[in-house]
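Next come two complexes, and both contain chain A; in the first it sits with chain B, in the second with chain C.
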Partner chain A sequence: MLEVTNLMVFYENMLAINNVTLTAKKGSIVGVFGSNSAGKSTLMYSISGIILDIKKKEAMKGGERITVFGKVIFDSKDITNLLPHERAKMGIVLCPERRRIFPESSVLENLKIGAYLDKRNEKKNLEYVLNIFPRLKDHLNRQGGFLSGGEQQMLAIGRALMASPSVLLLDEPLLGLSPYYQKIVVDSIKDIKATKNITVIVAEQYARPIIPVIDYGYIIENGSSVLEGTSESLLNNPDVKSAYFGV
Partner chain B sequence: MQNKRRERIDRGIKVRTDGLYAISSFKEIMYLVFPRLLLIGGFLLLPIVLELAPYWKRVINILCVYAIIAISFDFLANFVGLVCLGGGLFVGVGGYFSAILNSYLKIPIFFSIPLSALLGGIFCTLLFLPCLKLRGVYFAIVTLMYPLLFTRIIEALNILGGTNGITGLDSFPNQHIENYLIILILLIILFGLRRLVNEDIGLVMRAVKDNDQSVKASGINVTYIKSIAVFIASFIGCLSGAYLAHLYMWAGLSLFSLDFSILPIAAVTVGGGGSIVGAVVGSLILVPLSEFLRFFGTFRIVIYSLILVLFLVLKSEGIMIYLTRKYHQFERWVDV
Partner chain C sequence: MQIFIYGLINSISLSLVALGFTLVYSISRIPNFAHGALYVATGYFAWILMNLFHFNYFISAILSVFLSCFIGAMIYRLVLIKIRGMEISEVIATYAIGLAIIEGLRWGGLRGATYTLPVIVPGSIEIFGVIVDYQRLFAVFVGLVIFLFFYIFIKFTKTGLALKGIAQDERAAMMLGIDSDKMAIVSFILGSAIAGISALIIFPLGNIVVEAGYNVLVFSIAVSIIGGLGSWLGAVIASFIIGYAQILTEVFLSTHYQMVIALLAIIITLLIRPSGLFGKQKELEERV
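== the complex of A and B ==
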């Protein structure tokens, strides 16, 4: 169980996240929806700890000062000040926005890099990843940078899965994908939850394909969480309908 | 418990003076002009202040030469994206050109310096043209190799005076001209380049650094832009090389030395990259420091390196960037 309480993140004097509280129960899919600049990515960075890394780098080069308040609690342990690699060891794995795959390594190598934390289950995980993303099987020895956008996204999710996460953070997994690929990715999210019992937190702008599969969702606007609820309640909410479905 | 965070806010005077009303009061004019006046005035007064210490007056010349090379490195690295270790090449080429012009062809000193800067700039640009496609460390290695190449060519073929170098260059008429010439050159280059990087061509250069594919897509010839930038940087470098040759009245292989490639980089890192003034501030710290440490004999390099490491670890943003921030912004604790 992952809990974020009263999270506030400042980029210099700009408030990127304002008092967001979020709970993700073990083995559930949680959706975080919002437009550009709503603070989804910052939320993802804060949960995975990358924000601490960005903070350090900005401080080194004398850039913006990043301040983080609030708590991130994972399995009743306070992990607010843990570094990203320590959080990854605990099982919180981020699949970053724009994929960030290693473009000069082959698909297989990309997956193996992901398996660094859990070498013992490498074979089992690889089998599972190739099972949910059969398209990757044909390109195992191809360079990651030469894959199409959709295949790169599958690879990025696959790489995150190779670490045997207990919480999987997906930042904009549908970015730039065709409806066909969107469906594959959404199906894979369902499958990951069903077979592996992994908690999945999805941050996405396109709510329409994701909302039906989530267990619980949050709508974020300008850094604050304005609405939360189950899949059905969000689907039937008139505001959500007009803002995200264009009805 | 109430959380508190440190907030950075632009000073009111900065907000106001950024706009059109900077001329409305003396205080606001001074806010904008004072740092620049401090630098210009400081440099112009330096030879007078050091009138009683002739040795340190020589150090000023060396300091300015290093500052100019550091500016050329900063310009290429942080505004065009070419990491150029060719400081030694620029100095050597400029120095040898002015030696040839002055010692062999008997061209007077005040013509040979600009002329050799121009010829040297063209020469270095032609040398770099084939490798402008290269990026990052590859370009750095090529530019690092050229000075070594020229040293060995001159040594092996015994041309241009061989290992003895070319002697008999004219010296400057007197020491004041020697001091003020290089100080003026430095100030002109400093403020000229600061202006240039904010002009249209400077914008394009910075765009080339950020993403050259997008620049190509906008219909701009990237190689052309890069070659202009390399010409500017090598012109500056050769100018300081020509000056140095006349200062020593001698052009030799040591003009190609690695010092001229490496020390300016350290100066830029200490002073803060990407501000051009940072290069000057870095040289203002490092060159006198290295002179001070001569007192320690062989331990000089040890102490020098330690100070450098401490600088980089504790203030890796660079002094100039830190100072600019402190000047324009203040901090206070606020409740969240």
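== the complex of A and C ==
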């Protein structure tokens, strides 16, 4: 189980995350919805530890001061101060916004780099990734930078899966994707939960395609969690309908 | 013909030396200004081990390269880890450490033309009417072996792939569990090993002199900047440009101008194409 309790993140004096508490049960899919600049990525960075790297680099450059309050707890261990690679080792792997594929490496090499933490199951994981994303099979030797947006997103999720995560964080996996690829990605999220029992936390601006597959969801506005509930309760909430489905 | 062959040999040894610098930069984004110092230090260690401790050549060579790797790793682990990301401090710190090593060696007695390392393969051969000593061919051979080793290492080993990930997108690599500091240390060890090995095969062609440290540094920087910082292919191509330019200067002007040419090449590159021949990533960033 992953828990975020009373998280606050400041970029200098700007409060990007305001007292957010979130729980993701083992093997569930949790959605985090909010418009642009609501704080979704900041939340994902706080769970994966990347925020500490951003903070350190800013401090080194003499840039903005970033402060984090609150706790991130994973399987009853406080991981708030662990570095991103340490959290990844524990099983928390982030598939970041805008995918961040290794552009000069081939598709296969991207996946192999993803297997850094789990060489033992590299073959098995590769098989699984190519099974849920068969299109990648045709492009194994293509350079990552030359793939289309949809293909890059499949590769980014596949690369994260190669690390055998127990919690997979997806930051805006549908961003800029055609409905065809959106469906592939949403289906893959279902499959990841069903066959691998991986906890998935997915942050999205466009809730409509994701809401049906989540077990529980949070809506954030300006850094605060304003509403939470199961898939049905969010679907039936009139405020959510008008704000996030454009109904 | 002479220019062609000597240019080729010179370019390959140069790319070997510059590979170490480029490797460290592409992974840690730290320009290691102590690179040349490690080069001289390894040559001098080997000399000390052979002449004062009477070890045989191979043991001395291996020990001195290990020592170079150890110093490289310590430079990162003790100093750079604390200031990484502060670009000016990185340059000042590595340059200061390099100066301290080089001037320390000079103060410790490394002066004059008395220090030489033995030639590993004596004799010479005539290639297309040009006399080439075996040691130069050996340098080329070792250079090619090291390139091959790196190609295989980077492409097929877990650590090699992790280095490639870090070089392309440090943060994305972290998300996959790769420890950036650990990889930076690996890069310093590899870079120092390359500096050390090149010293052991290039010094026997002349004397061990501290000035070589400055030369190696300037030429490594020239090659990296012309090739595009952090680009391996760019570094190899730039080595050929500088390598031939060096030989041509030697033939038509005088050896003294080699450094001037290298520095001019840096300035011209920075003026015309600041990101270098193959600095495409950086160029993209500049545009965005």
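One rule holds in what follows: the second predicted complex is superposed on the first by the 247 of 247 C-alpha atoms of A that agree within 3 Å, B and C clash if a C-alpha of one lies under 4 Å from a C-alpha of the other, contacts with A are read in each partner's own complex, and residues count from 1 in each chain.
By our rule, a residue touches a chain if its C-beta (ideal position, glycine included) is under 8 Å from a C-beta of that chain, and two chains touch if they have at least 3 such contacts.
The structure presented is a predicted model; accordingly, all values stated were derived computationally and were not measured.
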item	value
Simultaneous placement of chain C and chain B on chain A, clash or fit	clash
Contacts of A:P238 with chain B and chain C, given as first, second, both or neither	neither
Which of chain B and chain C A:R159 touches, first, second, both or neither	second
Between chain B and chain C, more extensive residue contact with chain A	C
Touching partner for A:P179 - first (chain B), second (chain C), both, neither	neither
Which superposed partner A:R65 touches (first chain B, second chain C, both, neither)	first
Listed stretches 22-30, 40-48, 148-156 or 328-336 of chain B, narrowed to the one that overlaps chain C	148-156
Intersection of the chain A residues that touch chain B with those that touch chain C	60-62
Chain C - residues contacting chain A, complex	83-86, 155, 158, 161-162, 164-165, 168-169, 171-180, 281
Of chain B, residues touching chain A in the complex	3, 5-9, 272, 316-318, 321-322, 325, 336
Complex contact set, residues of chain A against chain C	48, 50, 53, 56-57, 60-62, 83-85, 88-89, 93-96, 100-105, 109, 112-114, 116-117, 119, 159-160, 162-163
Interfacial residue positions of chain A with respect to chain B in the complex	8, 10, 12-13, 60-62, 65, 67, 69
